[in-house]
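Below are two complexes that have chain A in common, paired first with chain B and then with chain C.
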Partner chain A sequence: MNNIYINSIKQISAQQPLVEDWFEQPIFYSEPYIRAIEPDYKQFFTPNEVRRFGKILKRALLVARQVMAESGVALPDAIITGTGLGCIESTEIFLDKLVRDGEELLNPTHFMQSTHNTIGSLIAIDTKCHSYNSTYAHNGISFECALQDAFMQMKREDAINRVSTALVGAHDEMTPTYFNLLKKTPYFGKLNQAFAGETAVAMMLSTEKAEKTICKIEAVEKMYFGHETIDKFQSQISNLKISNPDYIMVGTNDKPETDNIYLENCAKLFPNIPLLQYKNIFGESYTAPALGVYVAAICLQRGVIPEHLKISGSEFQISDNSVNKILCYNHFDNKNHTFILLSR
Partner chain B sequence: MKEILISGMGIVSALGNNIKENLQSLLANRSGIGPLHYLQTSHTEFPVGEVKMTNEEMISLLNISEDEPTIRTALMGMLALREALQNANLSKSETRNPKPETQRIAFISGTTVGGMDKSEQFYLDFLENDTRNAYISTHDCGICTEMIANYFGVFSQVDTISTACSSAANAIILGAELLKSGRADIVVAGGSECLTKFHLNGFNALMILDRKPCRPFDATRAGINLGEGAAYVVMETAESFNKRQQEHPTLKAMCKLSGYGNTCDAFHQTASAPDGEGAYLAMKKAIEEARLSPEQIDYINAHGTGTENNDLSEGTAIMRLFGDKIPPVSSTKSFTGHTTSAAGCVEAILSILALQNNFLPINLNFSEKIPELTFAPVVSQQPTKPLQHIMKNSFGFGGNDTCLIFSKI
Partner chain C sequence: MEELILKLKEEIIEILNLEGMKPEDIDADAPLFGEGLGLDSIDALELIVLMEKSYGIKLKDPNQGKEIFKSIKVMAEYIAENRTK
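Here is the complex of A and B:
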């Protein structure tokens, strides 16, 4: 079976874009809703591109170009995208006009840029890449759906159509309107929870280790419990063959209903393993779990965990543990549970 | 190499509310496209392929409480999934309390509109008051998949694919990969999509809707008739199938998925390359994966939307790959309308019905060959040789091109 490595990974989010400044100098926020810090696109795009593409498309294209350049892969064997809401800004513009002004005189541009797969297609068009291209849109596990697809195709035993390099992306924008709507739902309807943020992450996966390899992906698992609470959880988890990690990166977001599930399940399944967080500085969004993987990957690469990832109240000393294996655990609404094991 | 068998199918489309009705309409050359009846829109000039049921009728067929928030895409999906599971002898109790040999049943659904039917209806309420808040959460595609899954029981994993009009075909590819990798014992894959004002107006703004019944692969073609529907296939490895067959002697494998290819045209967000590069590569990849040669393909169920651009581009790709030995080609969108994200599986099922019953679904409304193409579409149901391997093309906006090959066992 092939090994799978992350050879490059980049983000645009509430932290400084395209760099790892958050490691030493994280930005903390107290507002409930934070847009991503945009890079100076004029440095990277033609004026026409800056004008034509919406926010999510510019971010996605830029992080994709950067990981392709850094990993030296101009034409990946697969471009796989996860996005909870797709190009929601374009969707809203088209919908708003349709609802308010009626069904005449609609401009097709925003419709063309409204489908979820606009992002993955744009990257393919930009790179003239004809290889496998797919998009997953499954709310809080969209990124893991995409990663699982890449992982399986790279592990394929059969040589025909096996994927050796995959560009995996995770992208969500949060418009003011959509934030206001989500505040009326359980997802963002709580005071004092981690801020609503935005995600743009691209990573280049490869079956070949490179000089700049960041970490290895050992396992990607997802499971669904639509009805009952998790009575089968334990047995399914034990089948995962996830050997004891040094840390678990969880998606706690200061909402007790969500956080307790992480705390209880981790205590049961991986007792005494210290937990780390990332949403305190990156915020909550459907594809935030990709930022969790990003943070874990950079920690593995540097062999250190910064103090601000520690969950307040947990008792361990950061320096006690080696940093060789981090398990990223995400759940969405206690229905979908995902596990991504990374190693040095 | 694990063999992937199709052991169940379920469908609702303009042709009927189950497999039997769809087959009968297809055999009778009876199109399901007609004047707009269910969707509330001012664009009544466009013929459409609607599922002939109101939401209320579906809610009652499914015995769902009327207080529960529902979306049309999920309702159609539940009906199609119910038939597919029954068809594969997977009863509701079995999915709720899976037996060891059917422990991991994955559900993969393709959709792009998700809950847009309710979002476009209640958008101003969302913004201005709290009367429709329950429908804010039903907007996203993943919730739609989970609503369909939860009607039945415990699926071990759920995935939603959104590659526009090739979504359901890509769901079938993911299903095969899950089975081959051993992550699932059984997969139910396909897609569901209802008509919405949102995409009807989007396609209209792009000026690719025909006011007359659509005419794929015809020189006079003038665009798409939109449709709606839901379709799922039950896929399993031969190992899982053989085990289950001992318990359910009536269980039947309909065909196998022998190959598939997914590529990207990488040309334009809404138009296909003139040389059909993405389509050509997808078909080539599928044939290679199936370890077949082009001459062995007995029928192509084309993407065939009826637009000027698609049919010429797809036809060119077919000519490039098959040369002077082009198999019979037709587009069943002349029967169902373009069911967008569901199309890949709706049309895969119509193709499998053709394979099982050894006939060629004809291309309705054809009169004049496209001058640039060397072939005309099928107008007679009678195949020249028994069908063994059939190809299903499914292409989406953004050049997401997918090809599936189904073979007799």
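Here is the complex of A and C:
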């Protein structure tokens, strides 16, 4: 079985884009809704690209180009994308105009950019990459589905269409309309809850270790918790190949009903292993778990955990543990649970 | 005609998202495609939608577009002659 490495990873989010400034100088927000900090796209795109592409497409294409350049992979064997909402901003504009004009006239630009798989196809067109291209849209586990697809294909040494390099992306916008809708549901709007944010993460996976390799992916596991008892569910989790992490990066967002599930499961399955957070500085979105992997990967690369990732109230000292293995644990509605184990 | 040219420039800036451009930056006689504004085939589709939505002009023959979309001035003249709203 092949080893799988993350050889480059980049983000655009509520933190400074394309850089790791959040490691030493994180930006903390008190507002409930924060849009991503956009880079100066004019430095990277032609004027026609800048004006035509929606926000999510510009972000996705830029992080994709950056990881391809950094890893030296011009043509990956696969482009796999996870997105909860797809190109929601273009979809809203397109539908809004359609309603306003009595369903008679279609604005082509927004129509063309209104599907979930526009992101992956744009990257393919831009890179002239005709290989495997797939998009996963599964709410809060969209990223993990994309990563697992890449992981499973890359693990196989005997595959006919062997995948040695894969560009995996996770992208979501949060429009004002969608945020206001979510505020009416239990999903957002609680006091002191992690802010609603946006995600654009790209990573280049490879079966070859490189000089600039950031970390290794040991395991990617997904589980559905339907009607089983909590004991049976936890015993199933304990059978996964995700043992002995030094830290667990969890998706706590200061909502007790979400956070307690992480805390209870981790206390039972991984007692005494310190928990880390990332949504306090990157916010919540369907593909936020990709930012959790990004944060964990950078921590492993540097061998250090910044103090602001520590969950408030936890008693451990950051410097007590070595930083060799981090388990990223995400759950969506306590039904879908995902585990990604990374190592140095 | 000057008023229509100005309105057309404003509409084109908005629908084609020509960030940072003002009506006075666009030469009414300059070619819209290739040189000049450097528009392409997708922009042509947006202009066809604009003609119908704002001025009630339906372009049935695609070859007409090549002539009508030569420049903003030519577009404005065509609109002035054929508009239904």
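As a working rule, the second predicted complex is superposed on the first by the 334 of 344 C-alpha atoms of A that agree within 3 Å, B and C clash if a C-alpha of one lies under 4 Å from a C-alpha of the other, contacts with A are read in each partner's own complex, and residues count from 1 in each chain.
As a working rule, a residue touches a chain if its C-beta (ideal position, glycine included) is under 8 Å from a C-beta of that chain, and two chains touch if they have at least 3 such contacts.
Quantities reported herein were computed from a predicted structural model and do not represent experimental measurements.
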Touched partner set for A:185, first chain B, second chain C, both or neither: first
Touched partner set for A:101, first chain B, second chain C, both or neither: second
Which superposed partner A:122 touches (first chain B, second chain C, both, neither): first
First (chain B), second (chain C), both or neither touched by A:52: second
First, second, both or neither for A:209, with chain B first and chain C second: neither
Chain B versus chain C as contact partner of A:224, first or second or both or neither: first
Contacts of A:268 with chain B and chain C, given as first, second, both or neither: neither
First (chain B), second (chain C), both or neither touched by A:79: first
Between chain B and chain C, more extensive residue contact with chain A: B
Residues on chain A lying within both footprints (that of chain B and that of chain C): 106-108, 112
Touching residues (chain side chain B, partner chain A) in the complex: 1, 41-43, 96, 112, 114, 119-120, 123-124, 126-127, 130, 133, 136-137, 140-143, 145-146, 149-150, 153-164, 170, 174, 177-178, 180-181, 183, 197-199, 201-202, 204-207, 261-270, 277-278, 281, 285, 288-289, 396-400
For the chain A and chain B complex, residues of the former touching the latter: 79, 84-86, 94-96, 98-100, 102-103, 106-108, 111-118, 120-122, 124-125, 127-142, 145, 148-149, 152-153, 155-156, 158, 160-161, 177, 180-182, 184-187, 222-228, 236, 286, 335-336
Residues of chain A that touch chain C when the two form their complex: 47-48, 50-52, 101, 105-109, 112
Chain A-facing residues of chain C, complex: 15-19, 38, 40, 42, 45-46, 49, 52-53
